[in-house]
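Each of the next two complexes has chain A plus one more chain, namely chain B in the first and chain C in the second.
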Partner chain A sequence: MLYVELIAQGLVQGCIYAAIALGLTLVYGLLRILHVAHAALFTLGAYIGVLTTNATGSLALAFVAAMLVSGVAGVAVFRLGYQPILNRPPFVALIASIGLYIAAEEIFRIVFGASGLSFVAAPLQSQVPIFGGLQFKQAEIAVMLGTALIIAVLAYLQNRTRIGVACQATVSDPQMAESFGVSLQMVRDINFFVGSALAAFAGVWVGLLNNLVEPTMGSVPAYKALAIIVLGGLGSVQGTLLAALTLGIIESFGTIYLGKVLDRNAIAFAFLIAVLLVRPQGMFASK
Partner chain B sequence: MIGWKKTARHCAAVALAAVGLVTGPVSAQTQTKIGFNVPLTGFAAADGASALNGAKLAIAQANANGGLGGKPIELVVYDDQGIAKEAVPAVTKMIEKDGVVVGVSGSYSGSTRAAASIFQTAKIPYVTAYAIHPEITLAGDFMFRVSAMGEVQGRAGAKLVNDLGKKKVVIVTIKNDFGQALAAGFKEAAVKFGLTIQNEYEYGLPDRQFGPIASKIKADNPDIIYASGYFYTAGPLVSQLRSAGITAPIIGQEGYDSDKFIEIAGAASEGVYVTTSLDRDSDAAATKSFLTEYKKATNAGPDMVAASSYTAVAVAIEGLKKTGGKGGDALRDAIAGLTYDSPIGKLSFNDLHEVAKDVQVQIVKDKAFRRHSVISDPVLLAPPTKKK
Partner chain C sequence: MLRIDNLTCGYGSFLAMSDLSLTLRPGTITGLLGANGAGKSSTLMCIAGHVAAKAGQVYFGERDVTGLTPTERVRQGIAISPEGRRLFKDLTVEDNLRVGGLIHPAAEFKRDRDRVIDLFPRLGERITSIAGNLSGGEQQMLAIGRALMARPQLMMIDELSLGLMPKVIDLCYRALLTLRDEGMTILLVEQNTDRVMGVADDICVLESGRRVWSGSAAAARNDPTLSAAFLGLH
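Then we have the complex of A and B:
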């Protein structure tokens, strides 16, 4: 029974990692930028989520607001931050991204205060007994269902709509796609919008699970999500999903059985090193 | 042409340096300066804000009462982000550039340990508010600490478990100086009280997700849980332990001691015990006056960090009053000889400049910290003394 619980807890965490890392892998696939500031949009989403819920009492509205605001902010980050330096070597964008993240962290602290925000009446906190003494918070179950749903919707859009196909075409060969009339600008904007909205989605859930959003809440996801997309074979959506869920479960067991030797946040990197030794192209890379 | 410009620049630099030399010592003479390193940004910024409020209140009160010989006392504040590498330049600056006569740490153990040896080398007294690592006072005879050390608080935790009639304990430890010191003290005293430690789990400072630990503790089924952390880790931890269906009582320490903990953990915070140094239901005049004055000045609920920082600054001022503003050996001896009624109890320093005092046990009741009991055991709670 303990193992079942640990797997479930790992999946909850894995779903959150997945939602954060997906946006990152979309950006990497398209522009080859390691977008560290992605974690700032995750934090922004979490703040908007708490503020909207506290003001209106509606969690659904909070998700919509958080995803819209972060989505638009993500497009702004791309247009103002990355677009002007796209023709420079990739490390230029990486450094800009790290700087942007640090600045954002301090802006959150100055605007919203150092001690973070909590929900006045946090929704989805009651217990749901499953079977045999196993019980979960409503929010934990909702994270898993919500992430599965949003990924299914995205997969549908990507494979069944014109824009989705255009995005895929641009990832595999931007010049060819452009010659077929695909607007690169539009594809990049959509990419940042969707990726950032996903980060905000994860941010609101983390806020709900912890009942706390803080200026520094993005600092661990900022680098752990990078490890996840490398594990998943840089730029691969399916690989990222699998890597995120696997890491969630490994961390869940690691916290209990390796906690004294290896910090939970180091497990991701130990795992990364181990995988890269055996499969340098990433755990699930197709190429 | 270039040579001329260079010379002009050099001249300007020399002139500026000369002005600096002249004004530096003069301004230091006119006003007594107390240095204060505190994490105003970074992970500990919330505690830093409380610490600064406490320190400012102590300065404001002293200045309202005539300051030092009629002149106001100045608090020189530097942000150390709660980390050692930021604390070193910060305290070096406050010593060399600002010319502080005494330093106060409103910061965590890591940064305070780094600052301690710098103050010791400069022979400037340094009063630590709430950093609990043993190494701090071992840096030398210019070091003082107004709060109980981690080991002492850990021992008090074990006594509380025993007093509550519980035997089987699970320990959850935060992986830093603070958590390690508490766990060491707790385990040492647990042997004495015959407690069984079923398991110990560790977590890192950035962790907020404790689902796996909660699942495992549920399987351990302990009588009581001794969990260290700060309000921003303890809030999610306590709430997630209760969510998993664990009903065993939880004991926290002074890191929990903030209204923010109750806000984050919500209903799950009810009944949580906290061993700390601030008693909200105290009858002592110094504590009662601090609680009202702090609320008046900041419009926020006082916490342990604010009370300890207030006390540390007040102790420094008390010493300065004795020496008439003189620092160095005179101030060190003056502080060492003080007996001071503070919001966190009556203080006097032993030969290692640590304080011996009771540990307050608070319990969360109706969304507020209330007095549960006081652990008073001079032998168990004795701070370490100088190694002879």
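Then we have the complex of A and C:
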């Protein structure tokens, strides 16, 4: 039963990682930018989530507001931060991205205070019995169901709609996609909007599960999400999903069996190093 | 159909093509011939809008399209099957065709797709396959089919026969003749001179980024100097 519980806890964490890392991998796949500032949109989403819930009492409204605000902010980050330097070498965008993230952390500290915000009446906190004495918080179950739903919707949009196919074509060969009438600007805006909205989705859940939203909450997810997209094979959506879930489960087991020698975050990076020694291309990339 | 006046294009300070003038007649096949590095592919990419013209004009019909983007040119009726085919390799055959037809309403996709499949029935059999898993011949058919989805009046094809089996080359050339008979204008870049001379109405020969000969295919065949020096025909 312990194993089942560990796997389930790992899946909860893995779903949050997946939502953060998917946005990052969408951006990397399209523009080959390691978008560290993605974590700032995760934090922004968490703040909008807690503020909206506290103001209205509606968690659903909080998700909508957080995803919309972070989505629009993501498009602004692309247009103002990355677009002017797209023709420069990739490390220029990486440095800009790190700078944007540091600046965003300070803005959160100035605007919302250094000590963080909590939910006045955090929703979905009661325990639900599953089977064999196993219990989960409602929020943990909702994380898994919500992430599965959002990924299913994204997969549908990506594979079954013209705009989704256009986005995939742009990732594959932007010049050719453009020559068949795809607007690169529109595809890039959509990618940043969707990726940033996913980060906000994860941010609201993390804020709710920890009942705390603070300026530095994006630091660890920022680097862990980078580790996940490397593990999954850079730019691979399916690989990122599998890597996120695997990492969640590895961490879950690691905190029990390796907890005395490594903390949770160290386990993730030890796993990353171990995988890259064996498969430098990532766990799920073919080459 | 297409008129190029004194076109110069290239990359940075390198000039791939200088001072090219050429006219394509409607409903004909023009073969653009020359050795590696002669400037054939760059010329096609310049007409498609992917390589900027440094001087000169490109007219399509009566319209000067020199300053238009690739998207605007495909909307005008200029499509390209580029060097290396450049398919969307992770997408299915159907989705590659879907991208090719994005400038037209979604409701018309099925009709256009079926027209491509009529021309290349093999694509119908592989419609759900991933483009990157297709054979070289199937990929070439898909590259042409994808360009046809845009319903072009001018179709440019780069290195049609490169790396393909003779049977597949025959099939592709038969398709070109069908398209020409339907009224399409075709600009064909080829290293395989014999093949081009077999179907082309007009020929333009390039060398080191300059036009060295142009005229009808019949005149090219009857020009002994040209045949020996540039076309490898004896």
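Please note the rule applied: the second predicted complex is superposed on the first by the 285 of 287 C-alpha atoms of A that agree within 3 Å, B and C clash if a C-alpha of one lies under 4 Å from a C-alpha of the other, contacts with A are read in each partner's own complex, and residues count from 1 in each chain.
Please note the rule applied: a contact is a pair of C-beta atoms (placed from the backbone, for glycine too) under 8 Å apart; a residue touches a chain by one contact, two chains touch by 3 or more.
Since this is a predicted model, take the numbers as computed values, not measurements.
**Student:** Quick one: on chain A, after the overlay, do chain B and chain C clash, or do they fit? Just give me the call.
**Tutor:** After superposition on chain A, chain B vs chain C: fit, no clash.
**Student:** Determine, under the contact definition given at the top, whether A:S183 touches first (chain B), second (chain C), both, or neither.
**Tutor:** A:S183: touches chain C, not chain B.
**Student:** Measure off the angle at the C-alpha centre of chain A toward the C-alpha centres of chain B and chain C in the combined model, and quote it in steps of 10°.
**Tutor:** Superposed on A, the angle at chain A reads 150 degrees.
**Student:** Just to be sure I read the superposition right, which of the two partners does A:V165 touch: chain B = first, chain C = second, or both, or neither?
**Tutor:** A:V165: touches chain C, not chain B.
**Student:** When the two structures are overlaid on chain A, which partner does A:E5 contact: first (chain B), second (chain C), both, or neither?
**Tutor:** Only chain B is touched by A:E5; chain C is not.
**Student:** After lining up the shared chain so the two structures overlap, which partner does A:G133 touch, if you call chain B first and chain C second: first, second, both or neither?
**Tutor:** first
**Student:** Which chain makes contact with more of the residues of chain A, chain B or else chain C?
**Tutor:** More residues of chain A are touched by B.
**Student:** Touching A:Q175, do we find chain B (first), chain C (second), both, or neither?
**Tutor:** second
**Student:** Can you work out, in whole Å, how close the C-alpha atoms of chain B and chain C get once everything is superposed?
**Tutor:** 37
**Student:** Find the residues of chain A that appear in the contact set with chain B and again in the contact set with chain C.
**Tutor:** The answer is that chain A has no such residue.
**Student:** Which chain B residues qualify as touching chain A in the complex?
**Tutor:** 40-43, 45-46, 48-49, 175, 200-204, 206-209, 211-216, 218-219, 232, 235-236, 239-240, 243-245, 258, 260, 263-266
**Student:** Where on chain A does chain B make contact in their complex?
**Tutor:** Answer in residue numbers: 1-2, 5-6, 9-10, 12-13, 106, 109, 113-116, 118, 122, 125, 127, 133, 135-137, 140, 206, 209-212, 214-217, 219-220, 251-253, 255-256, 259-260, 263-265.
**Student:** Looking at the complex, which residues from chain C come into contact with chain A?
**Tutor:** Residues of chain C touching chain A: 48-50, 69-71, 73-75, 79-80, 82, 86, 88-91, 95-96, 98-100, 102-103, 106, 146, 149-150.
**Student:** Within their complex, state which residues of chain A touch chain C.
**Tutor:** 162, 165-166, 168-169, 172-173, 175-183
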